[in-house]
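To start, the structure under review is shown below, and the notes come after it.
Chain nomenclature is as follows: A, B, C and D, assigned in order of appearance, with residue numbering initiated at 1 for each chain independently.
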Amino acid sequence: MTAPETESRTVSRPEPNAEPIRVAILGATGKMGRYAVAAVGGAPDLELVAELGSRDPVSAALDAGASHLLDLTVPQVSPDNVAFAVEHGLHAVVGTSGWSAERRETLSGQLAAHPEVGVLIAPNFSVGSVLASAFAAKAARHFPSVEIIEMHHPDKVDAPSGTAVRTAGLIADARQAAGVGASPDATTHDPDGSRGALVDGIRVHAVRLRGLEAHQEVLMGGPGEQLVVRHDAFDRGAYMPGVLLGLRTVASRPGLAYGLDAYLDLD
Amino acid sequence: MTAPETESRTVSRPEPNAEPIRVAILGATGKMGRYAVAAVGGAPDLELVAELGSRDPVSAALDAGASHLLDLTVPQVSPDNVAFAVEHGLHAVVGTSGWSAERRETLSGQLAAHPEVGVLIAPNFSVGSVLASAFAAKAARHFPSVEIIEMHHPDKVDAPSGTAVRTAGLIADARQAAGVGASPDATTHDPDGSRGALVDGIRVHAVRLRGLEAHQEVLMGGPGEQLVVRHDAFDRGAYMPGVLLGLRTVASRPGLAYGLDAYLDLD
Amino acid sequence: MTAPETESRTVSRPEPNAEPIRVAILGATGKMGRYAVAAVGGAPDLELVAELGSRDPVSAALDAGASHLLDLTVPQVSPDNVAFAVEHGLHAVVGTSGWSAERRETLSGQLAAHPEVGVLIAPNFSVGSVLASAFAAKAARHFPSVEIIEMHHPDKVDAPSGTAVRTAGLIADARQAAGVGASPDATTHDPDGSRGALVDGIRVHAVRLRGLEAHQEVLMGGPGEQLVVRHDAFDRGAYMPGVLLGLRTVASRPGLAYGLDAYLDLD
Amino acid sequence: MTAPETESRTVSRPEPNAEPIRVAILGATGKMGRYAVAAVGGAPDLELVAELGSRDPVSAALDAGASHLLDLTVPQVSPDNVAFAVEHGLHAVVGTSGWSAERRETLSGQLAAHPEVGVLIAPNFSVGSVLASAFAAKAARHFPSVEIIEMHHPDKVDAPSGTAVRTAGLIADARQAAGVGASPDATTHDPDGSRGALVDGIRVHAVRLRGLEAHQEVLMGGPGEQLVVRHDAFDRGAYMPGVLLGLRTVASRPGLAYGLDAYLDLD
């Protein structure tokens, strides 16, 4: 959060003549919430109209005159928050986890009755991470070999990371569509499991190291060459450009968008 | 050149029902030429009909029944070779350097009279390297900071590398189109030039290290995050998948293509 | 500062039967100072007896019963602080910059009259960074090629970093002692200075990138191989293990030690 | 093998006034053997007196006037070769695998009767790799977290690599001697084994990627920092400086040395 505002502005700029963006943040007192309060508060084209904690009713967003809801809460309450937003014509950007296919389908149904409202649900708000996964998926069909190494702080309880699982899925789909077979592997002796997990046919290795936050490398190799796409998230500031991009774009994209990819010019 | 053929085949596969590809290699005795002889000779859907050295006339390709010319010669003779190919209806894939804008314009004029002939001129035949540059150009507008580090063997006489200069140009164009300003830099004291070269406004650093061959990293950074795209070419085998892709595709792309990018599904 | 204390304790442990360590921190309100207050306060074998700001007199350390002084102030006042400490029998650990050879000589003279007092002046408190430089110096004579890449946040005003300059010096000394010549370099054409700075005969490249903090890579190469020693400091927490190591060790090392290396078992 | 000889000479130089070194290579027609023939043949202070294949008797080395034997054969015949060398007063440098503790003990017994003869058995002739492992072992006690990632070509049948297993052992010993506990790891959910192998209590990850040869990274982390020691062996040329160092040193080190470390100034 130490970068001069002028820098981030040049990267994700306000659209000219856009309607005013009045943001209510739900979950403003959590870790992500505090970063978001600073980021939205510091953006010249956004107005932070409400910082709501876990005990505040979502209706307070409406009372504060919000046009946009930023939901950074917990899976238990996020669907109700978003349903309320849609019902009242607020655009919503959602960083809360737990939005299963079933929940998203219900939400799409609701949005059909409010065709002017936009909702973005993003499992990962890091623009860099989303770009990295998309690049890996695009490149992986050109190389016989591909493996993923994800590295996180050692307080993380699950392995591999959700981002690594999603990246493996994207890569696997792209390779299958291109008719590329499995990565070559002559291993016959690996008594202790050093070759890691097989996720959708892609090897995934999870490193846990004090000092790290959230990092991922996709290694792709062919005869005589290697292509590496690496993303490092050093702190939650990494997610703020994606949050701002979402808030600035969601009103112009009615309906439900799942994944920040939808808002990046990736194809 | 040690990878089993079955691997490379899965990655760049022959198109079904394609016309036969009978390849004459010019410059077959040079370093790239020897790799190409092995690669073309080992590809099940390509037929190597002529290996021509610097003293052989290009007409020998025609005599051998070639449908495609692979030109890996020198700037002094490459234009005449390609002109001959176009005149006689041979498709051409060209890895020789020195194809200036002026030379390419002359060639385009000639191709207008032979609308069925395709020519690919590729300054870099590494699919991985071309992908890396394209990804960097696509991502760089999302980050305030971007710098390039290229690393090569210490026998190289020019710095920075042509690939780094091209990558810097692509990044600079993409950032300018998106209205992104210069990378932030508070440096006021750098008496010995440690900050490297400024190429189209992008910092480029050239490392020369025994043991390395040809490597490039593009570092992109924003608050709390970094995206790195790295390509390693360990030997000239790295260029063979691109050569094969060119030979397999050129007949279906009449006219002049400059850069392997044109044959990759990048947009 | 988020690591459980039990971890750091296992790494730099209190010595058994050591005299009590009562620490006064000078410059406690600066960036480093705040990290140090947390680190010293959280260490079970250290007692934080005084947090002194820029307006507090150094004598307050004595009044608070300190046995050790941790000086994290500015070059203008650090020599007086340390002189006071030595005069009154306090051991001192100093992270302030500006301790020239001349100043250190004066201090050594003063310490001669107080043979029981220990002082550590450390230009870099990161154990990892000091180890990295020492390893590079030890390895560099075994490789024909060596170059340094340092990477920092773009608010830094000088380039290359002081650590890179010191590392280059250590490497140059070690190579000269072993009779190793200059790194091979055939570059004849580098119009824009991409080859970076020459520091004691070693090429040094400085990258400035938003998102980074303080990072350094030493690349060493020989025919067919490369050795890379990289250190990343993500935040000032990186310096705390070195500060604690200094405080725990200084009383047992009378006289002046310059550089944390002196306290690490490196030879 | 493409580096100018003048470079490698500066790095591992002949000792002045040393006795002449007349080398017989056993296993001269294997992969390592061919590299060794070129390296020994190109070294100004070594004389290559015999290149022996698998069918040549070891006595041919004696007939050729060799003072040193370089054994690059197979585990089945290496002990007999070395026994013959010792018996006849030839110093031996051995790169063949399979020298178990039992075999080495037998050899030591034999050497006791020939106190002027030196033998070096090296499981890894890469100076860089040996340095990397030694540095990792030296540094690992200063960091709460340590993990190893080894990366090899996908034709390798065993995982993890022998070098990774040895490195893990060295690190584990050093950490135990310093009283450092296990790396922190909160993982409770890893259904597919992405956390890799546990070797002597150290996590080891094995990557297999076409294009790579033999690479290893040791990652060490503490609050706010990371230290990475990486070694890349791009081809067997990486082992030649170690072979030459062994041949130049073995006569001055009577008795049995196991591991190239013994000849490097590491402590």
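Throughout what follows, a residue touches a chain if its C-beta (ideal position, glycine included) is under 8 Å from a C-beta of that chain, and two chains touch if they have at least 3 such contacts.
For clarity, every value in this text was computed on a predicted model and none was experimentally measured.
J.: Between subunit B and subunit D, two touching copies, which fits better, same or different residues at the interface, with half of the numbers shared as the threshold?
T.: same
J.: Would you identify the chain whose Cα-based centre sits farthest away from the centre of subunit A?
T.: For subunit A, the chain whose C-alpha mean is farthest off is D.
J.: Could you give the separation in Å between the centres of subunit A and subunit B, each centre being the mean of its C-alpha atoms?
T.: Distance between chain centres: 34 Å.
J.: In whole angstrom, what separates the CA-based centres of subunit B and subunit D?
T.: 38
J.: Subunit B to subunit C: how many Å between their CA centres?
T.: The answer is 45 Å.
J.: Where does subunit C touch two or more other chains at once, residue-wise?
T.: 3, 7, 143-144, 184, 210-211, 220, 222-226, 232, 234, 238
J.: Note which residues of subunit D are touching subunit C in the complex, please.
T.: 1-4, 7-8, 10-13, 126-129, 131-132, 135, 138-139, 141-144, 179-181, 184, 220, 222-241, 264-267
J.: How about subunit A: which of its residues touch subunit D in the complex?
T.: 143-147, 149-151, 154-160, 164, 183-199, 203-212, 219-226
J.: In the complex, go through subunit D and note every residue touching subunit B.
T.: Touch list, subunit D to subunit B: 3, 7, 210-211, 213, 232, 234, 238.
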